[in-house]
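Both complexes shown next keep chain A, but they swap its partner, so chain B is in the first and chain C is in the second.
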Partner chain A sequence: MDYYLQQLVIGLSLGMVYALVAIGFTLIFGVLNVVNFAHGEVYTIGAFVGLLIFVSFAPPLVVVLLVVLAVGAMTGVGLERFAFKPFRRFNDEATLKSRAMREATLMSSLALSIVAREGIELFFGSQFQSLPLKHMLNSPIKIGPVTIVDGDLIIFGTSFLMLAGLQFVLKHTSVGLSIRAVSNNPLGARYVGVNTDRTIAWTFAVGSGMGAVAGILVGLYYGAIFPAMGFTPGIKAFVAMVMGGLSSIPGAVVCALIIGISEAMSSIFVSSVWQDLVAYAFLIITLIFFPRGIFGGARERV
Partner chain B sequence: MNASDTSHHRWLWTGIILTGLFVLVPLLLSLAGRSYFYQIANTIMIFALLAASMHLVTGVAGLLQLGHAAFYGIGGYCAALLATHFKLSFVVTIPLAGMMAGLIAFLVAVPTMRLVSIYFAVATLGIGQMLHVITLNWVPVTKGPNGILLFGGMKVFDIDFSKPVPAYYLVAVIVAACIYVIHCLSHSYYGNALRALREDDQCADAMGINTPRLKLESFTVSGFFAGVAGALWAHTAGYISPADFNFNVSILILSMVVLGGLGSLPGSILGAIILIGLPEVLREFKAGDFRNIIIGIVLFGVILFQPRGLIGEVSALDFIRNQFGLGRKAKNDANKTDGKQMRVGWL
Partner chain C sequence: MIAGPALEINNLHVGMGVQSILRGIDLTVQEGEIVAVIGANGVGKTTLMRAISGVYASQEGHIRFYGEDITHWPSHEIVACGLLQAPEGRQIFSAMSVRENLILGGGPLGLSELDKVLSLFPLLGDRMQQNAGSLSGGEQQMLCVARALMRRPKMLLLDEPSLGLAPKIIKLIFNLVQSIRNTGVSILLVEQNARSALAVADRAAVMDGGRIVLSGQASQLLDDPRVKETYLGGNAQHAPAANNEAAS
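Entry: the complex of A and B
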């Protein structure tokens, strides 16, 4: 029983991380109706920037997280500038929602993600980066019968703070209002005077900042920072987005938690090398049986 | 330019390509005199076949496919397992590997055919990853990350083709035959139906084209040829491991198709030659580490600046007209917009 509880805690913190990454996907999909394939690399960049700061300055964790958040946001804005903006040549609704536009941006972001990943690999090598042990978040804490590590608590705390912060930004600031307006109806937002280009840049900033923080949190939790680390969480977050109904943030968060917990639970029954299959199976099942997401909602043909 | 002219051109091009493939390249390779170069030539031909098979499904039928390496891998593992466990010969393993990959492509396609655009792309990516995880971890059968060594070389009816020159010719004949079949498929009424699917599947459906069936068929055929390519790879390289068939390989094949021009078969082959050949040339200049980064930059540059690729699509309508001797009439009708519309396609 204790073992189950322990796996549940691990699954929850894993799910929280996927949720942070999934929110970036969901926000961007909501605003632009495109998939950002370079989102996983933002996660990697977050981890590497955090590592560099730790190694060179050794500041407290909060400072690192804030710097990573800022760097992630800047990466997101740069990504939007190079991989997405050049394809928004026309602003009519048919072009914005066209298949050509989606597939072109999918491939341009994929291409940039290759460049980013290989660039990091050239610079740091493809091996795991050595992380000073004192920075790793795995000192055990005993709560009743369950032993967790402080990393679990920190991931929970940070994720909750960021989710609350996101909710605040979306509901109570003018940037959030314009993000919601653009994702609701890009043309309508433009007609009433919302600067859509700037709003899209803000969306990338918010989403990528959260993804980057997820990267450094996971890096410190598992002590595994390497150039290809962003690929799997990226796919899983994408699965969470599809399951949650494409542009619903609560849906994405709930589904990310479901994926995280089922992965952790699956390692009770089978060897942990198979746990990646869980998310892919979820993806295929969702696409085939619930193409509108398990909560319903999305309104287009998939 | 009238119909008979174009027909002459076609024979001329076929002649040039076949002479190049069977005379000039082997001549140059034997002058260079290193068996390593033969291995590169084989790799280029195998990837040309892979790019051509992806051309059929992504370029012509417009289904963005992000898991092509999975079918390549199925073919490779199938051939390797048949050759090592059952001692089957080269002649048997190649078609069996293709059929296995085609069968699995069919099974994958049945439930995913309803999906369109990026959802289909992501479904294929998910399936590709699943198969990769399976090859990596199903150790009793696939030997996991250690891969499988193939002994026994390539024998066709007791004639040994394992030496570099015969191996080159064997691969060249098989690849040329497969690409010819793909050429016939994509430059025909059947290919035009697939193009209709790419341009607007709802419209094609309304015109009475059975779209799910076409998608299913093109996906299965493409899987079959990817499987043949995988089997050729397993036999020529003599060793396979899951790393040969991971996501990066899918992206590499996609980059070839996009670089050459979506919907253009010569373009896909040119893309394969460039993206396999270029890193080898760079290696001579000690720049081999930049291989993947160059692929990324090339892909990005092509999508941004030359979305039709190096060789745009050869208009299928023109091709058909010429074949049936209607070329002059069509030209005189000044019906050039048709050709242009065919090429708009993706972007």
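Entry: the complex of A and C
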């Protein structure tokens, strides 16, 4: 029983990480109808930036997270500038969500992701970076009969704060309202004077900032920071986005938690090498039986 | 000193690819005036409106707003200088609440114009928390106009405000057009419903084939035999039927 509870806690924190990454996909899909294939690399960059700061300054964790958030946001803006904006002539509503743009940016973001990954590898090497043990988030905590590590709590808490913060931004700030407006009706957004280009850049900033924080959190939790680390969580977050209905944030968060918990629970029954299969099984089931996402046809975006 | 017109359009050309849609439009709207542009489907009325708001790029000609050349400005800057549009198809944010629609409409002004706007559209006041997509067609049209008014416009462009609405609601909307003008907002109105549009406008222009083929005082156009025959359905009895046809 205790073991189940323990796995549940681990699954929740794992799911929260997927949720943070999935939100980046979801937000960007909402405004542009495109998948940003370089999102996993933003996660990796977040982890490496955090590592560099830790090793050189050893500041408190909060400072590291804030810096990573900022760097992630800037990475996102740069990514949009080089991989997405050049393909957007944006003369009418058809251009913004056109198929041609979807295919062009799919290739350009994939290309940029390869450049980023290889660039990191060239600089740091492909092996795991050694992380000073004292920075790792794995001091055990005993809560009643359950033993977890402080990383679980930190990941869960940080992610929860960021999700709540995102909800606040989307509902109560002008940037957030603009993001939702462009997502809901890009043409309508132009008529109320929303600066669409700037809003799209903000969307990348918000989504990428969250993805980068997820990267450093996981890096510190597992002590595993390496150039290809963004791939697996990227795929799983992508699955969460598809399961949640592509552009629904609540849908993506719920599905990310489902995936996280299922993975952690699966290790009770099968060897953990098979864990990654859970997400792919979900993807296949979703695509076959719920092609519009498991929450049905509700098309509420962002 | 004579003040220039609020909106001045000179020789405007707009095309999509090889196809040219507007072929030299000249049109002015004086401050405080209601000007109607009437014409059948596909003559370029909506293209004209989109070009003014910066949604479509113009190839040739000039659009001036209070003397400022706004021809190639991005749409958010055109909105910022007080030229707002209630577009065709309403283009409201259907997944967001009425309140959020109005906040977005207000832009940097937020909800500061809310009381004034709600006095024109009291119905919306009861619907503030509702999703805009759940409103009726007439309410959505009102929200669309209200959203534009939240920005305290100097001029309002109305593109087919009567499209798809019941006759009673159409009457209400055109009465509102008068009230909005009385608050000091100039209005450029595009309509297929020529009779209602000419009744409310000061001046009017008839568009055909991407050009303005006829213009003058609205009352004169109402009596013009060519306008009567083509746009008002010959005699008054047949007019509603003709309008329905045009709208469908």
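One rule holds for everything that comes next: the second predicted complex is superposed on the first by the 295 of 302 C-alpha atoms of A that agree within 3 Å, B and C clash if a C-alpha of one lies under 4 Å from a C-alpha of the other, contacts with A are read in each partner's own complex, and residues count from 1 in each chain.
Criterion: contacts are C-beta pairs under 8 Å (C-beta built on N, C-alpha and C of every residue); 3 or more make two chains touch, one makes a residue touch a chain.
Everything quoted here is computed from the prediction, not taken from an experiment.
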Exercise. Putting chain B and chain C on the same copy of chain A, do they fit or clash?
Worked result: fit
Exercise. Where does A:190 make contact in the superposed view: on chain B (first), on chain C (second), on both, or on neither?
Worked result: second
For this session: Could you look at A:115 and tell me whether it touches chain B, chain C, both or neither (first, second, both, neither)?
Result: first
For this session: Kindly classify A:180 by the partners it touches after superposition: chain B alone (first), chain C alone (second), both, or neither?
Result: second
Exercise. Quick one: angle from chain B through chain A to chain C, Cα centres, nearest 10°?
Worked result: 90
Problem set entry | Partner touching more residues of chain A, whether chain B or chain C | B
For this session: Look at A:162 in the shared chain and tell me whether it touches chain B only, chain C only, both, or neither; answer first, second, both or neither.
Result: neither
Problem set entry | After fitting on chain A: smallest Cα gap, chain B-chain C, Å | 14
Problem set entry | Common interface positions of chain A, toward chain B and toward chain C | 301
Exercise. For chain A, which residues are in contact with chain C within the complex?
Worked result: 91-92, 174, 177-178, 180-181, 184-185, 187-196, 299-301
Exercise. Considering the complex alone, what residue numbers of chain A touch chain B?
Worked result: 35, 83, 86, 99-100, 102-104, 106-108, 110-115, 118-119, 122, 231, 235, 238-239, 242, 271, 273-274, 276-277, 280-281, 283-284, 287-288, 291, 301-302
Exercise. Which bits of chain C are touching chain A when the two form their complex?
Worked result: 50, 53-57, 74-76, 78-80, 84-87, 90-96, 100, 103-105, 107, 147-148, 151
Exercise. For chain B, which residues count as touching chain A in their complex?
Worked result: 64, 111-112, 114-119, 121-123, 125-127, 129-130, 133-134, 136-137, 247, 251, 254-255, 258, 289-290, 292-293, 295-297, 299-300, 303-304, 307, 346-347
